Amino acid sequence: MLGRGIWSSVRQGLSRGLSRKVGAWALGEGRRVDIAGIYPPVTTPFTATAEVDYEKLEENLHKLGTLPFRGFVVQGSNGEFPFLTSSERLEVVSRVRQAMPKDKLLLAGSGCESTQATVEMTVSMAQVGADVAIVVTPCYYRGRMSSAALIHHYTKVADLSPIPVVLYSVPANTGLDLPVDAVVTLSQHPNIVGIKDSGGDVTKMGLLVHKTRRQDFQVLAGSAGFLLASYAVGAVGGVCALANVLGAQVCQLERLCLTGQWEDAQKLQHRLIEPNTAVTRRFGIPGLKKTMDWFGYYGGPCRAPLQELSPTDEEALHMDFSSNGWL
Amino acid sequence: MLGRGIWSSVRQGLSRGLSRKVGAWALGEGRRVDIAGIYPPVTTPFTATAEVDYEKLEENLHKLGTLPFRGFVVQGSNGEFPFLTSSERLEVVSRVRQAMPKDKLLLAGSGCESTQATVEMTVSMAQVGADVAIVVTPCYYRGRMSSAALIHHYTKVADLSPIPVVLYSVPANTGLDLPVDAVVTLSQHPNIVGIKDSGGDVTKMGLLVHKTRRQDFQVLAGSAGFLLASYAVGAVGGVCALANVLGAQVCQLERLCLTGQWEDAQKLQHRLIEPNTAVTRRFGIPGLKKTMDWFGYYGGPCRAPLQELSPTDEEALHMDFSSNGWL
Amino acid sequence: MLGRGIWSSVRQGLSRGLSRKVGAWALGEGRRVDIAGIYPPVTTPFTATAEVDYEKLEENLHKLGTLPFRGFVVQGSNGEFPFLTSSERLEVVSRVRQAMPKDKLLLAGSGCESTQATVEMTVSMAQVGADVAIVVTPCYYRGRMSSAALIHHYTKVADLSPIPVVLYSVPANTGLDLPVDAVVTLSQHPNIVGIKDSGGDVTKMGLLVHKTRRQDFQVLAGSAGFLLASYAVGAVGGVCALANVLGAQVCQLERLCLTGQWEDAQKLQHRLIEPNTAVTRRFGIPGLKKTMDWFGYYGGPCRAPLQELSPTDEEALHMDFSSNGWL
Amino acid sequence: MLGRGIWSSVRQGLSRGLSRKVGAWALGEGRRVDIAGIYPPVTTPFTATAEVDYEKLEENLHKLGTLPFRGFVVQGSNGEFPFLTSSERLEVVSRVRQAMPKDKLLLAGSGCESTQATVEMTVSMAQVGADVAIVVTPCYYRGRMSSAALIHHYTKVADLSPIPVVLYSVPANTGLDLPVDAVVTLSQHPNIVGIKDSGGDVTKMGLLVHKTRRQDFQVLAGSAGFLLASYAVGAVGGVCALANVLGAQVCQLERLCLTGQWEDAQKLQHRLIEPNTAVTRRFGIPGLKKTMDWFGYYGGPCRAPLQELSPTDEEALHMDFSSNGWL
């Protein structure tokens, strides 16, 4: 683990040169960082022997860096963060910081199961260059993760984080849907700037936008499958696994939505649903990485216990792209 | 039950004067009935002794008839159809037919558990004046309701129905989500014209629109909570419990969507989410009927085992409307 | 449907000659009917044209009648009751009454969605010869089926039933697990004598036995898969689909449990689990009926939308019996 | 994290003095370690400032050590292992090893999300004194955790573990139920000696015993709520949170089962269900620790985000014990 004492870490984090990324909150400007836009949740490349392949990571970043993304999410669920050691998690963020264009945002996943570990990881993420921390709900004790417990957890993290915090709800992985009332309460915290919601429930997303309208709180869609619908109800962007392979198209969908070209947006959205499902719910990260190989990025293997796709699955994956005109 | 022999019923249905509502399909015109628009799923009023109150039903219809709905859904889930006898189900449809404006569509829920009973009920619904049959998925044996079984069921019903059929998926009640592949197959049937989907998964709804785009197949949102998002992905209307009390507002939301006024649409949509949830998932039909009483319609009691709201629940229900400016 | 007025039906039911089956409750003896033992939930045979085949039903009953069952359950979930008309439901019960040995109990499923219809059906079941009514939880509006609603429902039914009532919880079909607190409250009703619990949660079953120990309340396991475990925690019998084909073996398991031969009981129980799962969760009623054909009973087709097994499924079903030495 | 290279760790683990605990497998004796019996899953005590309180841990162990347990499980779900750093996890095991009686077994939870980390942790656990590794299913990517993936994961871990491995399925925490077919395959691995199943599905448990009967594979119940039923279907013991407070009673229940005193066993089992549910599903680890305070052990606070019980919850917890005669 990172340090012996959380408080010393926090103190170090606050005293060290965090000036670059110290946002509106710390400076008391009263305006939050603008996170609107599209982000690919970057995958973590591994070598054949399951070591992190930092060179391939940088190569991917250089390619992705030419697209009009707002920034990059590192160690969202697609980054296989539960399979990385703490030092790997930090090293990956550090390398992405170096490899990515200076004008883009780096959102780093810093969620751990305990509040203490999450605070430490968040501080460390800031130290290695993250602009924003994106914090998944703790979930192993989901039966006890009441709104009160989650509010307590995120408040502590946001209080101690030197960088702005984005909430992250991803029920398919955590078995836990961050409740509306908890989000509304947390939206009032000056250092919590938004939420990435991967649940796909646009009724909930619309309600979040509505009930946080006085808080300058920003909602990001957690998937390209419901990106258009999310914009329609007031989301300001998306973190989309599919953007790792069809990045230009996802950004085009964003542009069509922002400029009110809803008919063209709808046509494009339709063609992205099956490919999106294929690289998320249907075939998971193995599917995403396989597709990256097809689209000129480095995908490579996952760490175990994630398994390679079977030939049959690979064929079905290919069909999900080709039948929509992308391969 | 309705008759002794399904085949004699069907034959009668086909021979009797069904000409008024015999649609495009029977006439071989090659165009399907246009079901685009907003529909309230009409509630069934009961007296204090739990008899169907047909007078109150007609009064409600007269009031609802002044709004720019495309038509009415009778015996959707909000109609308490599982609590009605077969003859009550038919009598309610018959009364609505009489009480409603002639130029509007009458969609009647005719789903039963068995294929045979569903066919009989569908034929009978046509006989008493339904323009379209809306057929909920059978669900008691949901563990065996594979796509193949559902395709078989709906194909049989559509083959024998003298009126067009709309599929109806409502997982909150049935525990069953009509799968995309089954819907896509069924969309090719000349007498199946669309689906009412109450699941709220707009990714699925967008995919349904996309994969049936060559079939002139129409998707209706099953709730006002995701109506805007549904329009954004290609739905053509909605069956909205909330339209029983905020009918003008739901129709206004439709108009804003259809005319591309997305910003205003979004604002209006936002204010409808909590009231919609209140009269559906949160407080159910007892909540809807209580609200109808507030808005000048007859709500009245539900049949048992549905219970009246507690005073606390009633207060929360009121708040969901008042906090959004509707009461 | 049954009649016009519930109250007239009830009155008729109470005044007509129900003396044979009027149990301890009506007689004020203070002892409840003893329902301990094994029951097959009888299937409803259909002809090739999907009519109820009453002859085959009687033939099956004659064969089953030679086994040491406590009685028969008619129109449990395996009876395809949701596919029968009201008159078919009653006629089936009536025929079973005639065909079965006089000294055995006839438990008839009388659950409907509305309280009123359930009361009417229960009264009618009594009139055609049922000894006990077994009443499934209403479920279409499961989101509103709080303990309070369920207590209200069952109390009304038990108040008006001329025969004792058994609660019936079958979450796989209803999506609803009758809560412990509701059962405990209902166990105090003098006309509610027990519960058939098909959920398979023996912790819950043990707790039900414990918390109703002063009420002379009887718990029946709803499946042969956990029959031994149920006896171990205090159940007094079981309603077991598997008893339609391996009736002697299920009764033998009962005897081994009752006489404390737990080792032999365990061995037998083990060999019944896969066959039991095969004719319930895995292949449903089509699997049960196919197996009946193999074991010398009439199985025959199910009503649509239930489908026949595929050859592959049939092979797997056969293997589940043969690999345990039963075929 | 533990080391740089998994293989060097493994090699070290195998060469270092693991002789004490190298079991039957490594010695090629052909007999597996006997894990039959009752185990409390030891909680991790924390100070008021959320540091691990090793003294209190040792005090608890000294008290628990006087009871006729087969041994102790350290870092099961009740050990808050997801909240501990790797070094804390190892230190806790090491301290328990010192504090516990020499003749008892130490089962240490070594599951991590990645296969590699799980192998490393398992090796390290062996190094600090664990007799057996108990390995929870990885779960963050549960959508991809097919039987094939899980078999691959556990096979790798068991291949490289210097100590015997016990599978651990706990759906309430992981959202994943280790499937029967995977367990049956894994039961053939010479270094996999059993499973701790906390799902409470005794039908599954019976089937596991049945289908692994030629493998000398041992099934442990994961909770005291279904301990009697588990013995009845062939389990050989239990890992029971409740044994942290009612250890003598849980051991007595074991003895009653093993000596065939089923009636007394049933009575005792009944009185343990509510207390058991209270310290597990209902109030979780905060409930368990609060109860430990009442029963003369050190419970103390949990690490955040787990919250203290409210006074109302505490009262309900007390009632669950007092109403059954334990307080």
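We just call them A, B, C and D in the order they show up, numbering each chain from 1.
Criterion: a residue touches a chain if its C-beta (ideal position, glycine included) is under 8 Å from a C-beta of that chain, and two chains touch if they have at least 3 such contacts.
Note that the structure is predicted; figures quoted are calculated from it, not measured.
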Quiz item: If you take the chains that touch chain C and keep only those that also touch chain D, what is left?
Solution: none
Quiz item: Based on CA centres, what chain would you say lies at the far end from chain C?
Solution: A
Quiz item: Can you give the whole-Å distance between the Cα centres of chain A and chain C?
Solution: 51
Self-check item: CA centroid of chain A to CA centroid of chain D, Å
Solution: 34
Quiz item: Which part of chain C faces chain D closely enough to touch in the complex?
Solution: 200-203, 206-207, 209-210, 213, 223, 225-226, 228-230, 232-234, 260, 262, 266, 269-271, 273-274, 276-277
Self-check item: chain A - residues contacting chain D, complex
Solution: 1, 50, 77, 82-83, 85-87, 113-117, 138, 140-146, 148-150, 152-153, 156, 172-175, 281, 284-286, 303-307
